[in-house]
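Here the structure is laid out as structure tokens; the discussion comes afterwards.
Here the chain labels run A, B, C, D, E and F in written order, and each chain numbers its own residues starting at 1.
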Amino acid sequence: MEKIAIFPGTFDPFTIGHESVVNRAMGLFDKIYIAVGFNSKKDALFSLAERKKFISQVFDDNPKIEVMHYEGLTIDFCKEVNASYILRGLRTAADFEYERAIAQVNKAMYDEIETVFFLTMPEHTPINSSIVRDVIRHGGDVSKFIPAKMRIKNIK
Amino acid sequence: MEKIAIFPGTFDPFTIGHESVVNRAMGLFDKIYIAVGFNSKKDALFSLAERKKFISQVFDDNPKIEVMHYEGLTIDFCKEVNASYILRGLRTAADFEYERAIAQVNKAMYDEIETVFFLTMPEHTPINSSIVRDVIRHGGDVSKFIPAKMRIKNIK
Amino acid sequence: MEKIAIFPGTFDPFTIGHESVVNRAMGLFDKIYIAVGFNSKKDALFSLAERKKFISQVFDDNPKIEVMHYEGLTIDFCKEVNASYILRGLRTAADFEYERAIAQVNKAMYDEIETVFFLTMPEHTPINSSIVRDVIRHGGDVSKFIPAKMRIKNIK
Amino acid sequence: MEKIAIFPGTFDPFTIGHESVVNRAMGLFDKIYIAVGFNSKKDALFSLAERKKFISQVFDDNPKIEVMHYEGLTIDFCKEVNASYILRGLRTAADFEYERAIAQVNKAMYDEIETVFFLTMPEHTPINSSIVRDVIRHGGDVSKFIPAKMRIKNIK
Amino acid sequence: MEKIAIFPGTFDPFTIGHESVVNRAMGLFDKIYIAVGFNSKKDALFSLAERKKFISQVFDDNPKIEVMHYEGLTIDFCKEVNASYILRGLRTAADFEYERAIAQVNKAMYDEIETVFFLTMPEHTPINSSIVRDVIRHGGDVSKFIPAKMRIKNIK
Amino acid sequence: MEKIAIFPGTFDPFTIGHESVVNRAMGLFDKIYIAVGFNSKKDALFSLAERKKFISQVFDDNPKIEVMHYEGLTIDFCKEVNASYILRGLRTAADFEYERAIAQVNKAMYDEIETVFFLTMPEHTPINSSIVRDVIRHGGDVSKFIPAKMRIKNIK
């Protein structure tokens, strides 16, 4: 049986921490769908199209990785693409409690799903999309925090 | 002296975790006012009337339980209904830090009040109103997460 | 029905934080057994007799409080004294996770028991028996950290 | 070389906990700029002018302390005023994880900066600006939570 | 390439939480070595032979699972059995911080290893080997906390 | 007035994380006493003499740093060397809660002392002396985890 995972997130924007999780998890799965969660009510810094383009720039030569988006329940998207695993990165203890609640509720609603966690690397621990957005908004340089292949135009 | 507690919360919506806390705390108090906090500025998924109705469906045959609402300081409502105890459920360490701050500030403002904490049951740990709301918004089935007697119409 | 609680602990030694929890919980119960846990394998700074004497000095004129000791499972002691509640103080998030595990396992083994938590006062948050023991061992003054009525002889 | 720190925050409003951190850190620095972060998109309870006036009332006779405001990256403000240290207070474990992320990202962007943490006093642990704002909004008395010299008019 | 994981632990004793993690992770790996860590200096409640026997009782008909033991560095054992993954269960935020340190140090010493985390089920959250040992020592019934197939003799 | 700090710890052994904290804090103080806590009852991997020698190797050409040891209360040692500051590194949320308790008790016993915290660098977060000891005991290579100038003989 094929081992299919989704890697869901808002990815506003995708960071070097996300990239590292995908790269290290790749050996474990036959296919990873990077699934950009779309929420029409929440203001994002980057549009859905931009967020998907950024991620494609990072993994475009990798046949195992496909960038998609979804709206609705994560488990419904899992059923749609036939995924049995949800891949998530863990940075901090605060992260953990939130991730645990989401994962256990997903499991309660759909027993065939398992959430598999990878740690971020120590040097990526402080980096999250919300802090990166803040730096971008104030005109700071985020090149250290995003994948080398990702091209955020007009951002110094 | 009568032992009166309030169980304050937004309850948007009331969950199976809330129900369990009230049921297990009931032996300790002569009266528990379930006090729906009302905040005119915050958008709720369910109206105040709906939230009160849901809770009433769960406890309607229990003379010890009364469903009320309040706007303003929790300690002012305590004084109004002559309550000496605030009842709260604890799920996680993150919960705990927030609850501790609120309880200690309440105590600093009104020395006669004590906050009494019950744990949620292990199987209810991942369930909170915010996750339940999210599932409802995306059309998911929340019947496992809300009290059996509670009837959320048009929700599958 | 009488509301009986036990307040179990090693109490090596009893601190001002423990005293405050008992005093604030007293209104909620008809009887509180302060139950000194005895572990023949662990080295304690104070003997069981000393620990019980210290606590008696604090509450000797209070008919609601009785100082006892036990060895074995806490829930077995609860059954023995007919207690339906275990009283515990909570100081920190780290405390909370430990207390939650113990309380939920007790509940799994004996469904009629409930653990009821009170917060320590903010100014007592850093005080725990292990730190107090350390200060005593190094000849420091612990009078700020123990109940006023408690007389630790030869301790400056 | 002069030891210059900034103490950045929203200070909506400044609390007794903030005051205590500044007072205890004062011996370590030659100059502390209390830097009110200004965010034109976020609703604050008090205007920038009010927030600066409150803090000035507390420290007006202290030549080491200067009240300023800034918009933009904190490290850019540090460069502007020639500060090598960012001063922050720590209250809780949840606080800590957030503060760590911010401080480590600041360090990644500007290697010459160090964030120096002081603890709040135990009795100030539950007090934060968000809770104080909430009490003010509901007409409660916050005099215990703000510096004695601070005059919030029309607040009982 | 074969996907080989080790599931290291002291397993003194193996619990229902461990069993659940192995069962849910099984689909992801071709082989899981349950690796009982042996520490000649630490007192264990059960001997190494007993601990291995218990685990064998649970998985004896499963060709994917093999029970082994090791002394020394976990990464050295990984190299020995050609494992690229370390499997661990996560229960709580406190667990998480400890697990993260171990996993990141393992990664720093041996870059080809990845630690993969599964959550325990909510109802297993309070169960850990240390609490189970404590209950056994006091003559309590642990049948709810250990796998159904595991036969701890003379334990009621 | 001279700004004198002590940096207390067991340092069994001193790590690259400790070194980084001292180096980054050095600009803030006129003198830092690295104070090796000595506990005759606890087994250490390295003797007091070895631990002091290791630290001296790291800072031997730095006139601001002096390596000492003490037995007894940390605040008594502070008084002895006329230090007004205790310097500590913070790695994780679990660390934080422990450090907070110690620091607040020290402050309660000796009001003139302040504990000043620096963060460890993200890449040093997983490294603590206990894990380093464990690696050494199992014959692993710890050169990445200790200062470059430190020479642990017979350790590969």
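In this section, a contact is a pair of C-beta atoms (placed from the backbone, for glycine too) under 8 Å apart; a residue touches a chain by one contact, two chains touch by 3 or more.
Note that the structure is a prediction, hence the values are computed from the model and not measured.
Engineer: So which chain is farthest from chain B, going by the mean of the CA atoms in each chain?
Structural biologist: Computed centres place F farthest from chain B.
Engineer: Report which interface contains more C-beta contacts, comparing D-F against C-F.
Structural biologist: It is D-F, judged by the count of C-beta pairs in contact.
Engineer: Chain C and chain D are the same sequence; what rotation (0 to 180°, nearest 5) superposes their CA atoms?
Structural biologist: 180
Engineer: Quick one: report the Å distance separating chain B from chain D, using the average Cα coordinate of each chain.
Structural biologist: Spacing between the chain centres: roughly 34 Å.
Engineer: Would you mind pulling out the distance in Å between where the CA atoms of chain A average out and where those of chain F do?
Structural biologist: Taking the mean C-alpha position of each chain, the two centres sit 38 Å apart.
Engineer: At what distance in angstrom does the C-alpha mean of chain E lie from that of chain D?
Structural biologist: 46
Engineer: Identify all positions of chain A at which a residue touches two or more other chains, and write them in rising order.
Structural biologist: Residues 92-94, 97, 100, 103-104, 122, 125-126.
Engineer: Please list each pair of chains that are touching.
Structural biologist: Between chains, contact exists in these pairs: A-B, A-D, A-E, A-F, B-C, B-D, B-E, C-D, C-E, C-F, D-F, E-F.
Engineer: Residues of chain A touching chain E in their complex?
Structural biologist: Listed in rising order, the residues of chain A that touch chain E are 1, 3, 24-25, 27-28, 84-85, 90, 93-94, 96-97, 100, 103-104, 107, 114-119, 121-122.
Engineer: Inside the complex, what are the residues of chain F that reach chain A?
Structural biologist: Interface residues on chain F, with respect to chain A: 92-94, 122-126.
Engineer: Any idea which chain C residues touch chain E in the complex?
Structural biologist: 72-73, 75-76, 93-94, 97-98, 100-105, 108-109
Engineer: Within the complex, which stretch of chain C touches chain F?
Structural biologist: 92-94, 125-128, 131, 135, 138-141, 144-145
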